[in-house]
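Two complexes follow with chain A in common, the first pairing it with chain B and the second with chain C.
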Partner chain A sequence: MAIIVKKPAPLTFWERIYLPAILKGLGMTMRHMIKTLAGGGVTIRYPEQHKRVPNNYRALHVMPTWEDGHIKCVACEMCSTVCPANAITVHAEEDENPEIEKRAAFYEIDELRCIFCGFCEEVCPRDAIHLTKNYEFVTDNREGFLYGMDRLTKTGRLVSELEAKENKDR
Partner chain B sequence: MDSAVLATVILALIKIALILAVLFTGVAYYSLAERKFSAFMQDRIGPNRCGPFALLQPLADGVKFFLKEDVIPHHVDKVLYLAAPAMAMIPAMATIAVVPFADPIPAPASGLFASLGQIQFQLADINVGMLYIFAVSGLAVYGVVIAGWASNNKYALLGSLRASAQMISYELTLGLSVLGVFMVYETLQLDAIVAAQTSFISFLPVAIPKWGIVVQPLGFLLFLIATFAETSRLPFDLPEGEAEIVAGYHVEYGSMKFMLFMLAEYSHMIIASAVITCLFLGGWNLPWVDMSSLPAVQRVAAQLAVFTAKAGFFAFLFIWVRWTLPRFRYDQLMRLGWKVLLPLAIANLVATGAFYVVKYTVGIG
Partner chain C sequence: MPKITIDGIECEVADGLNVIEAAKTIGIHIPHFCYHPALSLVGQCRMCLIELDPIPKLQTACSTFVKDGMVIRTNTEKVIKARKAIMEFLLINHPLDCPECDQAGECDLQNNSFEFGQGFSRFEEQKRTYSRDIPVGEKLVRIQDRCIHCTRCIRFFREIVQNEVMTYQWRGNNTAMTPLEQDGRRLDTNYSGNMHELCPCGALTLKDFRFKTRPWNLANTESVCPLCSTGCNIFIDHKQRKIFRIRPRVNMDVNTWWICDFGRIDFGYAHSETRIAGPRVKGADADWKTALDTAAGLLKTTGASATAILCSADATNEEALLVKKLAAALGCSAASLPAPGVDPLEMEDHLLLRADKAANTQGLKALGIVPDPALADKLSGGAIKTLLLINPFNKQLAAALDGVRDAVAKIPNLVVLDHNETDFSKAAAVVLPGAVWAEKNGTFTNYKGLVQRINQAFAPAGKARGDFDILLALAQGAGADIACKTHIDAYNEIRDDLLKLEAQIKKDIEALQKAAAEAEKA
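What follows is the complex of A and B.
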């Protein structure tokens, strides 16, 4: 089987002296430069600007409370059972309110173990745990990533801050 | 000491201090401009953390270089290893001595400098001018070769060999391409060349300024290309090649010694921009604009601004081309230098010479 090799046409004079092609290339880089200078480019200047994340973005958890401040969680331990990363620890105790029966005495999420799959949110029968859009919760020690109930009930406030930032930037 | 001699020496020292201060500041901000413009051309933002518009970035870079550990590898030739960065830096700084920046101003009527008559905006007005630049910038190749040799490292040696072969090849074109300019203006002095460019080409219906770029377009192009190769900028940055020879001749250098090589490269580009402006773009003069009637200070300010703008354009061109073109392969570089640019430079020289023979024998133009 014969393979027909198509040779490219020989370069014309203007192609061989490079200069038109160089000028064309210079034009292209200049166009990009002007575009970037005029439109500010495509970069999101992160610490000052924030990317708008989708509403189903999964980051730091929050444990919502009722209007009276009582935590919604009933310590059924569904979340810690379903958690594929074993990030959730729950210890139950009896609640004074006979209608609630159980509440969490100790509830802790290790955000370093968490894989942010959202199963805990899905499985919760009382809508008592959510994943927020707040992805900015770095600290410089491992203990700082152990979120107990005291902190988890307050992270909802951070979400509204994040949304305010997004709206300001865009 | 004779007061005239004293005045000359003091004036020269002041000029050296000023020129070097401007040159180093220029180099610092040139590196910032390189980073910013390259970012813009690639749809990026570039450095923006240090001060407004990253204007403190060069300062931060400098401090970083100063604070780095000054490592001398045990396998190098210590004396030459330490001398090489200086040998790269000194020619780069020395060439600026003959570059004029503006017309001379009359000296103050009284005081120390009165005996001088006028103050030139040029460190040394020597009549070999451009020849001096070629002579001194030809020494720059020693810094590169010695850096590669003293490093006792095969990549550094290969890099320095490539760099020196490239510099020597393109120096020929550099020298030959500018001979046409000397024929046209009949001088080697840069300030005289600039002065000659204020006239107009007379025999055409439209008055065209007698700039080097107009009378020697091919010479300008060849000079520009050879300058890119001499300063080892893209598309001729063969001395550096991460894939083949690591960083080239300065692979063993760090901290301030590396910074000197970078300073040398960037000051080469700034001085090359200034020289091209003087030779081909009419220096500090604008056609149809007569600045000589202005008061001395305003005139000098205007001329310095014009000069800076023209040289700044070429400085920007270095960046612009770098972020546009890919590099040549080494054999392509040599073929371009020896088989294309050098014959063209000789042809340009012969054509210019023939034109003047015809002009003077027949008497046209």
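What follows is the complex of A and C.
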């Protein structure tokens, strides 16, 4: 099959001398410089300051539970199936309550593998996995990024801590 | 041969087909739930509705048989609308709990709903539910809420298992498929596991597979069941070098649609704790080279008359060929032991199960490895000083060895090739860890001489190796010059022998059947 390559249109005179583009760029630099000198800085002094991230920001996961603390996840393996990074491992077990029937015996997300696409949240039929806006979970070892059920059910708390920080900084 | 027209395609189909099967022959799929080619017709689910000229009302394809000149339409607006309505009806009381349901991913209800349903329901009332406490035996799990009342289970137990253990209870909306557990009728028949595939939704699922994994995570390898001489065709469903379940593979010449529950559930030995971890020489761990050299050395030391090879009938035809060649190189005899009173043709029940609990008795016979009654005497008399014992874990060989257990364990140069530990492997001078059937390539010859291929699902566990490779190394170590280096070469070498046996057995079976028919007449 032949591939048709479209040649870009030839540059006009003004484009060829580059000056307008350079002036435009310089102008932007000047604008930021003046803004910074005047005190309205664009740099955030992280980690002393926190940027307010939108609520649909996608970072560390959380696994919501029911009011009685029972995990919502029923180990249907939708998330592990859809995950493009193969970051999720789920094993199921029988729940004592026949009405619930099935629950996760083992659930683990490798946050180093995760690309934060949010597919797991989107696909979950039981609303049992969310991505929070908490992006602050670095550690210095790989195991620290393996989030099991025990940690994932508690990461929700971190979000309110983060929000408190955001509010403090503004 | 009636000429019919389906969706504008003219075709000629075999006599006596119903419209579902006739459409199948030209690649048109008519959705259905209650129809199954092995079971009687009930026309219960109404999913298979089609238009049949010139009848004004829709007809059920499962109970309509082809006649010359029939004009059938499966994709008109009327049919599509009817299917949508039926799907909505079927899902009225269905809990739609696919996330918890074990059937999801291989569910007819799910698939047909996706393809032919409408994605919404107008039903707002309370769905009816049932108690989940009614026991249905050791093998199945019953969740009656999901049942769509196709009655396949009732018909299966009545017509195929011939043990009427399921029935309707209550009426209309509250109809429940209920197991009968009186008069010795139980759901734990030898064939109950087949409901796992047969039930079109998640109402009856397999306890053994429950919640282990999702079906789409599994790789499916075509193989043959090694547990009896019937040789049912199966899929080995596996993941990460572990078998998760066994499913039947349709073969109308052997097992039709079914397998027995032993074949379905008894694969634990492939992953058991007692798998032989690695080669051993005199009880101490050794590497493969040492073990093979030592074994080959032992086999050559005591001279032909004091050496023997004893092989279970779980060996593939190709391995059996190597056993024969090894025996020829050593000048000794290769045999199996006569299992007490086992005829490969003898049935253990009315459907599939046979008394011969080894996969390849007939194949070994074709290659001349036959039971040697004299061998037992020689073993107990201590005349054998070197024995290559292949797969004594096999139940049949174990039973045959029962009488000479101590004598065999005392043989000084005992070389055991097996996948699981036995008393023999513990006493052996050299232990060579072999493969289970799921880890092998090769062929088995079933009771009627049919040669069937088994495929390797995954590599042998741990340090184990394929029996074919081990036997090849042993034969080469013993000085045999062997041209067939792979199981395919080996198969090509023995194909004629195997075909000859098949023809022979066919004749034998026909003679037997004739005799039986005459005896009945008399």
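Keep in mind that, in the parts below, the second predicted complex is superposed on the first by the 131 of 170 C-alpha atoms of A that agree within 3 Å, B and C clash if a C-alpha of one lies under 4 Å from a C-alpha of the other, contacts with A are read in each partner's own complex, and residues count from 1 in each chain.
The criterion applied here is as follows: a contact is a pair of C-beta atoms (placed from the backbone, for glycine too) under 8 Å apart; a residue touches a chain by one contact, two chains touch by 3 or more.
All values derive from a computational prediction rather than experimental measurement.
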{"item": "Which superposed partner A:86 touches (first chain B, second chain C, both, neither)", "value": "neither"}
{"item": "Touching partner for A:75 - first (chain B), second (chain C), both, neither", "value": "second"}
{"item": "Partner chain in contact with A:43 - chain B first, chain C second, else both or neither", "value": "first"}
{"item": "Of all residues in chain C, those that touch chain A in their complex", "value": "97-100, 104, 132-133, 143, 210-214, 216-217"}
{"item": "Touching residues on chain A, where the partner in the complex is chain B", "value": "22, 25-26, 28-30, 32-33, 35-37, 41-43, 45"}
{"item": "Residue ranges of chain B touching chain A (in the complex, touch as defined)", "value": "37, 39-45, 48, 320-321, 323-325"}
{"item": "Chain A residues touching chain C - in the complex, by the definition given at the top", "value": "74-78, 81, 92-94, 98, 100-102, 125-126"}
